[in-house]
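I have a structure here, written as structure tokens, and I will follow up with some questions on it.
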């Protein structure tokens, strides 16, 4: 499936991260934005509104983030590709509906422009503090997909990926960016419509009377129909059977919820995306994602210059976590240097998958500026000097 | 250890039965007793049940898997939980309200609990009549403990009546020579 | 177009209900079933295409309505039926959207969405079944529980005055506001038909008995007794100023159609704005 | 400080876990509960509402969970020991304000009686799938304390402990109960008031001029104040310095923000409570919490009868996580068996801390019921037999899973 | 010091209430200097929760006067406001209405689009006094931020009321609190000039419309028992001697050596 041509701004333009996000969404066929204004995500919604003028797109500012995501879920069931944008406090309010989205297996995209938390934190300062929240923030068991773009071009590209994943796996996809990246301006290349591959919605195509909203295909994913197409289907946030009817027992709970986890976990290898730099011979492997990537790359290169065999693993998908790759690397490397703009989140996953093979060093990044790579470099040096295996996470303490 | 199921319909005091026996066993007989009941829409209207596990040591698994005793106060309750009763499990039922299948002759005990309660002047003590019967037939709790637990669980004014109801069921049970 | 009676079966209810899900969970003496039956009658009367009707419920006893109605139906989260429905309506304005939920769902946790949807004038019909209590969770005090009435979380009598739902709907901007009891099935059906034909936010409050909790805790008898009470105490006053519609404990219930006015809906305003902007752009 | 006799319902009772928690709160000195009805936690609120007026305390049913928790924070800053009560969906709604509470270092207690999720799930039946949410559910970095009781008696005892911890560490303390424990009726012994130790609030008593609301003591905890004492409080959810004033965008903030984590992590030894049994010479250790830890004992007993040496580690406090304990055990056991009523949450923490030294077997359960002890026994056996170290977590296939996906189960209401 | 803070200070001063017994809960970030100037306690709550937070504060310590100041229309927190009204919770709510009524403003204020205002283009605002009144507020008023004397007087009156008071203040962008910038001051002047005082008018009639002047003034003032009045009366009636009248929930402080 291809996006409609007239909506695309094919060519290379200087765009901010916010604009790239909207262009990406529009290229992916997104035609509904439900949101509530919050720093630093406002530019994205403003620009969407700007673009909505000339498209058949719906924009609504709801009364809060709870209703924003509710509206997005409702809109998605009409067949429109839908998204919302928010930041930490708003994401916290969306947690209940993240669960509803998972339970109703509703395709939708949530863009989280992270800021320093908890509470109000620092609204204008970028951070990566919602990483675990995006995976674990709603009650009950589920899995989602989380993407973390590192450049403005990637914001554009990942928005298309996000919509494709959400349509394919029928799951809310969270795009985790931050206030630094959405304000960054850079050249972005928007391909021609024929060069963009869009995942079509997985519509049901059998006889109408046989439609079962939660009957799973081989790959555990059920088929959708639109509201108003005459199917008269029922869906509920309660534990339900294939018909979508609530059934309150442990067998149905197993029947309903286990596949919600499995449909992602079983296909993790197909979903997981990462990029590697000089990891073949590396002793020290820096693991970074999102905005931290460029500073991490700088540090990695400087370390190489100093003769430390350093590689870089950049995670494009945060969730599912690149477990297998980190496990493999842990057998070759002496240490991982985990770089995050928070006080330790994904580093726990890295530590888990390092299986005691490699040391795990954690660096809080960003307080001296997102571009500053000094702490990362020093942590690499510290890691290279450490010759024994240490238990637990080693926190890098700046001098 | 005893796994006990009380089954009937709303308003019969099925949950209360579980509480009274549980209380008697755990507080006055110094055993351990864990009671659970069904909640929510499934607990409304018709069917109603409570499950009680009584043991000499701390109850670990809180639910009934296979019951040792089924106390049935309604046909629907009996139909629903009959299959859960162990092969040699004891069935106690209100003979005017339940028509059991006849294949458990040796461990089946009947009492006209509701009729007795009506004779005492108020239908709602049928469950207490049944509890007296339960105490007489099974070895789960002592009658002394039950007589202490009942007053704790009913309004003060109703204590004498309830104790009378208990006595009625208990005597009937003790006098019952052989299973129905 | 498909309506209830074109569906060629014996009884119109059979066409609106998911017969494979019956029996329903509502207790004997409850008024929700009556409200659903009335909705069926209204849909029939209104001659709307059932393929284009979508029903959204929240959580609670009334929240289960969506599960029994054979339309595209959504049982959403607690309090969020209105914003979910807002998304549906804005994304596909051709649909008729009905929100069918309870007082606790729409006015307590969902109160914000209620007033904002009314303010925005989102085109939907909201049917609020008011039984004065949280029944699904076992009889807690609701924002509609009359002062001094008992509930499990107000074991010594309710200390908070209840909402006057029509008044709030009116003050927030609803274009159609009516109230009936579960006894007024024909008038209720007429109101639903009228609301379905309105463009904008319509609210219909349905006073309904809860025999299992509200009546039992307050010793008001069973469902029939409540119906009798409505029979003697309901008073029809069309066009009454909404501020006079409080319902104190066991007193008169004023019913009727109170508001019927015109305001542009959200979609109309949005489209008008877009045409304007497009015009400006062309000039530029 | 001893409990107030007016608030302690001394005696022996046969009550359910929810009621026990409500009464426990009162005994702990809690004078303010704001809540919103949600199955299966409502009974706790109802119980408190019934007894509060006779003890000078108040229960207010707010309009939703957002309001409930905000009111609890307001009450805490007004000087009250306060609590809110909820379950999964309500808990999700509270996430924003929980983070805000952590930022303000507000002492409060939250009772979450977990049910089957996600979303509306199975309201009337049990689950343990909010465990990771309790730690990570709000945005940004913070730490909380989470306790998981396994019986009505513990619901009473640990509610008091929760209040004490909240006062001591000035952080949200979660009682992560589950429907099974909340709705289970058992004997509960409530001691005399003078046998209940409660932590009084450490109010600031110095002068207004010198007061720094977020200046930590040597234990990293600042002294708290309350509104109306003439301290001219400036309390903000923005990242703040010791004065409580917002830090600027480019100012270093790590020292202020990281303390929210450090004050828990560095006092971990004092906070963590574990119950260990036969862990000295075992080949397999079962790690569990809440209701699962009771059911697990049954499975353990079955395995011991088969001659397997099984140890039992019960996490009474689940957060902060006992990294060191797990690491220590990993050095000497072959496998960890982790039964949880979810599809894998705390098991990730165990895998993380065992550093690849032992196998980790997850016994999952989706909720709406508890484990079959036979599954736990079989999983123990699997752990004991497996000589080779497996990569990642071994997910045990339960009887329930086989029944639903391989058997002839079909959905029936 | 911004004009609003001075107005607030005057209102508080006239009421005769000791500022130390006043708490402001607000989702608007005030500056520390302003709070120091007012001499009150200040809680910067999370978005939309000022009223709910204030409810907890007030119930815990009924001797406090609590002023929730809520900004950015009443979007996130609308529900808390209507429920506080229903309960008649004793709070003095100041609603800063920074919603830009573009159609109204369009006539004279040329440059009205600030960062937050782009959204309001196709939406109609609440009639806040009417909404507050419909859910039971005992005092409603509306002023523009330039009606400093009238606003201060309303704050004084509201603070002396028992129950929920709602004062709507028309003021443009949030920056107003940090000092007025040029755009905002022109808009504010526009509001001021286009307003008309109609004291005591039925709140139903105070809708802000683009074809008429903005109606301002004190609209309603009435007496209703507060939440705690009702609570104490009802429980005394039902429980009699067993009831300990509720007077607050402040915990006992830690004693020396504990």
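Lettered A, B, C, D and E in written order, each chain numbered from 1.
Here is the rule we go by: a contact is a pair of C-beta atoms (placed from the backbone, for glycine too) under 8 Å apart; a residue touches a chain by one contact, two chains touch by 3 or more.
Values in this document were obtained by computation on a predicted structure and should not be read as measured data.
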| item | value |
| --- | --- |
| Steps needed, at fewest, to go from subunit C to subunit E via touching chains | 1 |
| Neighbouring chains shared between subunit D and subunit E, ordered by label | A, C |
| Chain whose Cα centroid lies at the greatest distance from that of subunit A | B |
| Pair of chains joined by the greatest number of C-beta pairs in contact | A-D |
| Intercentroid distance (Cα basis), subunit D paired with subunit C, Å | 38 |
| Centroid distance [mean C-alpha coordinates] between subunit D and subunit B, Å | 36 |
| Centroid distance [mean C-alpha coordinates] between subunit E and subunit B, Å | 59 |
| Of all residues in subunit C, the ones touching two or more other chains | 21, 75, 77, 108-109, 111-112, 116, 136, 143, 156, 266, 270 |
| Where subunit D touches two or more other chains, by residue | 39, 53, 63-64, 66, 89, 96, 100, 119-120, 123-124, 236-238, 246, 369, 413 |
| Sequence positions of subunit E contacting 2 or more other chains | 29, 44, 46, 48, 75-76, 78-79, 83, 123, 231, 235, 239, 243 |
| Sites on subunit D touched by subunit B in the complex | 12, 14, 39-40, 123-124, 180, 183-187, 291, 294-295, 297-298, 369-370, 373 |
| Complex interface listing, subunit E residues touching subunit A | 29, 44, 46-48, 75-76, 78, 115-116, 118-119, 123 |
| Sites on subunit C touched by subunit D in the complex | 21, 59, 75, 77-79, 104, 108-109, 111, 134, 136-138, 140-141, 143, 152-156 |
| List of subunit A residues in touch with subunit C within their complex | 31-32, 34, 52-54, 58-60, 62-64, 66-68, 70-80, 82, 96-97, 100, 227-238, 243, 245-246 |
| Partner subunit D, residues of subunit E touching it in the complex | 20-21, 23, 25, 29, 32, 35-36, 39-46, 48-49, 52-61, 63-64, 79-80, 83, 231, 235, 239, 242-244, 246-247, 249-255, 258 |
